[in-house]
Amino acid sequence: MEQKKPLSIAILGHRFMGRAHSNGWRQVPQFFDAPYRPVLKVACGRDEEALNEFASRWGWEEVETDWRKVVERDDVDVVDISLPQHLHYEAGLAVIKAGKHLFCEKPLAITSEQATEMFEAAQAAGIVHYVNHNYRRCPAVILARQLIDEGRIGDLYHWRGAYQQSWLVDPNVPMSWKLRKDTAFAGPQWDLNSHNVDLAHYLVGDITSVSCLTSNFIKERPLADDPSKKGTVEVEDAALMMVEFENGALGSFEATRFATGRRNHHTFEIYGSRGALAWDLEDMNRLQFLSLDDPDHARGFRNIIATERVHRYAKNWWPPGHIIGYEHTFVHAMADFLEAVAGNAPIKPDFEDGVRVLKVLEAGLASAESGKKVVL
Amino acid sequence: MEQKKPLSIAILGHRFMGRAHSNGWRQVPQFFDAPYRPVLKVACGRDEEALNEFASRWGWEEVETDWRKVVERDDVDVVDISLPQHLHYEAGLAVIKAGKHLFCEKPLAITSEQATEMFEAAQAAGIVHYVNHNYRRCPAVILARQLIDEGRIGDLYHWRGAYQQSWLVDPNVPMSWKLRKDTAFAGPQWDLNSHNVDLAHYLVGDITSVSCLTSNFIKERPLADDPSKKGTVEVEDAALMMVEFENGALGSFEATRFATGRRNHHTFEIYGSRGALAWDLEDMNRLQFLSLDDPDHARGFRNIIATERVHRYAKNWWPPGHIIGYEHTFVHAMADFLEAVAGNAPIKPDFEDGVRVLKVLEAGLASAESGKKVVL
Amino acid sequence: MEQKKPLSIAILGHRFMGRAHSNGWRQVPQFFDAPYRPVLKVACGRDEEALNEFASRWGWEEVETDWRKVVERDDVDVVDISLPQHLHYEAGLAVIKAGKHLFCEKPLAITSEQATEMFEAAQAAGIVHYVNHNYRRCPAVILARQLIDEGRIGDLYHWRGAYQQSWLVDPNVPMSWKLRKDTAFAGPQWDLNSHNVDLAHYLVGDITSVSCLTSNFIKERPLADDPSKKGTVEVEDAALMMVEFENGALGSFEATRFATGRRNHHTFEIYGSRGALAWDLEDMNRLQFLSLDDPDHARGFRNIIATERVHRYAKNWWPPGHIIGYEHTFVHAMADFLEAVAGNAPIKPDFEDGVRVLKVLEAGLASAESGKKVVL
Amino acid sequence: MEQKKPLSIAILGHRFMGRAHSNGWRQVPQFFDAPYRPVLKVACGRDEEALNEFASRWGWEEVETDWRKVVERDDVDVVDISLPQHLHYEAGLAVIKAGKHLFCEKPLAITSEQATEMFEAAQAAGIVHYVNHNYRRCPAVILARQLIDEGRIGDLYHWRGAYQQSWLVDPNVPMSWKLRKDTAFAGPQWDLNSHNVDLAHYLVGDITSVSCLTSNFIKERPLADDPSKKGTVEVEDAALMMVEFENGALGSFEATRFATGRRNHHTFEIYGSRGALAWDLEDMNRLQFLSLDDPDHARGFRNIIATERVHRYAKNWWPPGHIIGYEHTFVHAMADFLEAVAGNAPIKPDFEDGVRVLKVLEAGLASAESGKKVVL
């Protein structure tokens, strides 16, 4: 294999998104013939111990606690902002000023005013800028766009979207930065509807009017450091929207942290003059598609599993029909095997089990041959 | 992070399973606190060019074309056999003789006689031996076992399993090693029923009798190197089995390469005196569970998404509700971002899109505040 | 069987609802031990030929073209209004004035002002009055209410409803009374949202605020009697609502005639502090129910088929598990049998097929006995 | 409506099947333009009190306790045998001898020898003979056959059928005629596999070989009249079959009374060279259909709801999308309305509820007009 040119990455942040991004940078070269080989140069955070553990685990070469120093390093080509959203603006502008390419977690900033400033600066600087509304990169979502582009859905009439979680249903969940206005700015309108609105933009188009309804179901919660006291929840628990799109379609959005039983239930339905589409993140490899081109008597929503070679990204992973994520069973096997080598826990199935299976299979072929039941 | 002790791995084979195993060894340290850090020491194969490309891509330190040399190296602790199944026996015995731990792809060997010899040798040598029936390591399958162990299914009456693929439906699919007896020994009875029988062993128990029916739907296929000529398919296209289990349960198995529309459809249903279970690999994060303990009027199959912290392995990956595989959207984003940096293709959503989203969200909060529709 | 006291019914209207109501009155005595035996006394309509055909088919003893005469007959106990909605008001008031019990199709009237007058008059007259929001009488919907009443859902947070049809997607569908303001008053806001709002009232409670968005996707349609000319669609094609309930829950509603592929897709989701529910008319015998009382690792939406003896109405029909509507296969068989008796078309399966089946079954028992494959 | 010629029916039996058949004969004239009007002439049974109640409820004109007399009546054109299966043979032969048309419940007889005699006699007598494998008359099943006949499935490779019930899982279910060999002859092999084998005959074709496995999970059960004593279960609890079809397809069947959680779960999957089909009685209005004619990227099982005008029988019932059985909500409403008239229980929704709905709908239109939230 021709050795790819290196591209140096710096990451700001090392929590959930820091992990997800690190995994992304690490996995690209094995599965995609990308034009660069990402070098995990430096990880940045304020909690030095946690940062060191993070860098060691994910293979970041260096650590740094002052993000301003990272941004200005000559040996960094790309900065990856995986920070909480209220910190995107200041760090982002610094990255842009330093002329680095910028891979930024969503939402881009706290306000559209901040975001506009970032966009204009990035454009002026001529850098590559990306905001990570990652669900655009599900193979099934890309297939939805492809079917729309092919004209199979026709003129669009309806978007019905939802992003439903349930982590606040328990009144004992304590206060946190996500529930305070100065750090989170808003609730699910920001962190959930931002995803669903981006998909609506991607699949339907621009929005020209918005009506919205929000609510707080539980107004006070225990403080994390002193559960005997309570703090006020400052952001909405749920946000509903009805919108008009520029192309005449109507849309609805529902974002909530109080949908009991829904953990990460991100869905859309699209209805048009020639067909319809539906998708659900909790079953993310599938797209539902109905076409009026089907004959009357054989028309219904098709359950498409977007894991064929013709589906974007799918061919980079595994053979057709092997859903994305199937490979994790192998990681689990290796993890357990290592425990067995260390003598911590035996691993099964072992060779004895391998023998058991073969005896049954052999009995099967013998029975097929003889037409008789074979007793083991 | 305390640095883990290294463990040297050698891999034999570099095709589909070589990729899946390499990914497994690479991913373990980031997601699991395993007692060892796997060192990808040496990859072995006969096609030198492909082997070099494979080693470079996956980070194997060295390459070797003679597996006998690999097996005898002092600096190798574990051998991973990812070879075609008819080669497991000879290589496996050599590994065992050399006293290395052995991680072996399934099925363990071509015949139970070979497999028994391997098992007995491995046991005598005192090595760790594992045969990779990987579906035992789906969180939802482990949950099935847990529910059985907890007594929630009761005495078991029925196993109904199937492993359905469709890659031979097209009569133009050419002859290959998988269709010849000397290399594959058998058809789906070996490569598909082996998985389903292992799950039945894991979840139900030992099998005491077998009746079987096989068929060839298409008896001749074009030769790969000269499609004008045909070769004889020497292994079955489909294999059905009915079995009795030691505990009195009845079971059925269906393995086929002719189930049009099913790409990797591996399923089971289990019925017992207190409950029932159902699973489908194409929707692998879910387990269906019915309990007779539910009240009469509120009883039904529960659709459990096994991605909570309480589900084995799930907590090692992402927050609750984020299905395994969700993280691949990030890998896709990084891959496209690298293309954008190289100037090959622009990437969206960019900061302009980030602004668009925020404008809609802000209009929403303003509307919720005023009770009026906001025009953008 | 003790002979039930007769109760005389008059029906106004003989189209779709006239058929559905006639069937209802006819079927009650066979399946329910109702306190009266409905006598189908007189059917009323203006199209005399169609009315005669209708009365003959459904067994109405007499016909009448002037509804005022019907309302005043001494031998009528109950009037069933199955007329288009804009006629409910005048006829309804006359029925009430005559002191008859009133079974009225939905919506009750065109405006709430009319409806209030009807309600007050009916109450003053002391008659039994019922408005036929019939979906309250699905066993699965009643089960939803029962689970709420039992406290299994807890405090209610969210209602997400929709009633989606698609019969206007084709721009060639002509103008009709349903698309004119004087006869229909409104579009799906009236005929579809009325059903969904009634279910929300039944399951969640009173609504205290409403925001709404409507649209016309196709503004003109061909005239029915002269397709070369076009008329203006005077009612909305789709209506979205966001509401607040008195108990603090948020709700959303979507009613449309432009949801391609959805024919009669009436759905709701309810989320509360202890559980969640979901229902879909196109799969109307099932209720989805999730309970936080389930253990963490075994929690998921239960797919309850509401056809057990413990489910309201279900025991009146067929044995457990036989879904409502299963019996129609018998009606179909009788219809085809009558054709066969008339010599119009042979009917299968006949006794030859009955023999075929038994030969296979017998071969099965013989094979089970012998442990050998039996060739027929 | 032209008055149809009457056809006199006699029914033997008045239990579950007697009810289902009576309903069928009664419903035909309202929904189908059949060439005859069935006259429910005489019902026959041995329990005189139950028989009278049955005849009165279903409208049978006369009753008779001696089936021989019924068979010989001149004023009977058709005999409907709804008796337990071990009584079909003797009664059937008498009906045939008397030259009446014969509508017979399944299975045709206890043994294929009896059945053959019945078939030959019926054919010689020139009567219309029908055996009621009623599932052939589900619109979705007929659609399956139509798609096969149209060539959309191609050459058939696989049938995978099951009929799973669970009514014997509870060990306290007592002995009954269904568990004794002299009355039932066999267990689910007879009463469940007979249905599934008939569908396989209808959809796939003749069967040429059979392998079978049966079991008894619970060998003794309490006697119905003295639960302190136990009787021996004489028929199988479950029966599995593997078969070869004349056209080369392989098939499997599973019939059981021990599939916990399955109440009447009758299913099949069919795979062929051009497409695939799947059906489930518990969701009986739908057919799953996959076609290889779909483009690669948009291929998946289509969820067809067979309630369109183009689907056999569907147009005889209700408008498109209204599933068969939807009309039962009306019957329920009438039943409750009659209770209200009798003063036994109030009925809701009443006109007050009708008003409530209209107020919400009106507020919606006002809000859509003003762009403002309307407070009720």
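Each chain carries a letter (A, B, C and D) given by its place in the written order, and its residues are counted from 1.
The rule is simple: a residue touches a chain if its C-beta (ideal position, glycine included) is under 8 Å from a C-beta of that chain, and two chains touch if they have at least 3 such contacts.
Since this is a predicted model, take the numbers as computed values, not measurements.
*Asks:* Using the touch definition from the top, list the chains contacting both chain A and chain C.
*Replies:* Intersection of chain A and chain C contact lists gives B, D.
*Asks:* Write the angle of the rotation needed to overlay chain B on chain C, where the fit uses Cα atoms and the result is rounded to the nearest 5°.
*Replies:* With C-alpha atoms aligned, the rotation comes to 180 degrees.
*Asks:* Do chain A and chain D, two copies of one chain sequence, contact each other through the same residue numbers, with over half in common, or through different ones?
*Replies:* same
*Asks:* Where the centres are mean C-alpha positions, what is the separation of chain A from chain D, in Å?
*Replies:* A distance of 47 Å separates the two centres.
*Asks:* So, what's the distance in Å between the C-alpha centres of chain D and chain B?
*Replies:* Here the centre of chain D sits 41 Å away from the centre of chain B.
*Asks:* If you average the CA atoms of chain C and of chain D, how far apart do the two points sit, in angstrom?
*Replies:* 23
*Asks:* Identify all positions of chain C at which a residue touches two or more other chains, and write them in rising order.
*Replies:* 211-213, 241, 243, 262, 299-301, 305, 308, 371-373
*Asks:* Report the residues of chain C in contact with chain A in the complex, numbered from low to high.
*Replies:* 155, 157-158, 160, 162, 164, 166, 169, 211-213, 215, 217, 238, 240-244, 248, 250, 252, 254, 256, 258-262, 269, 271-276, 290, 292, 299-301, 371-373
*Asks:* Okay, in this complex, where on chain A does chain D touch?
*Replies:* It is residues 143, 146-147, 152, 211, 213, 286-287, 289, 291, 294, 296-305, 308, 310-311, 371, 373 of chain A that touch chain D.
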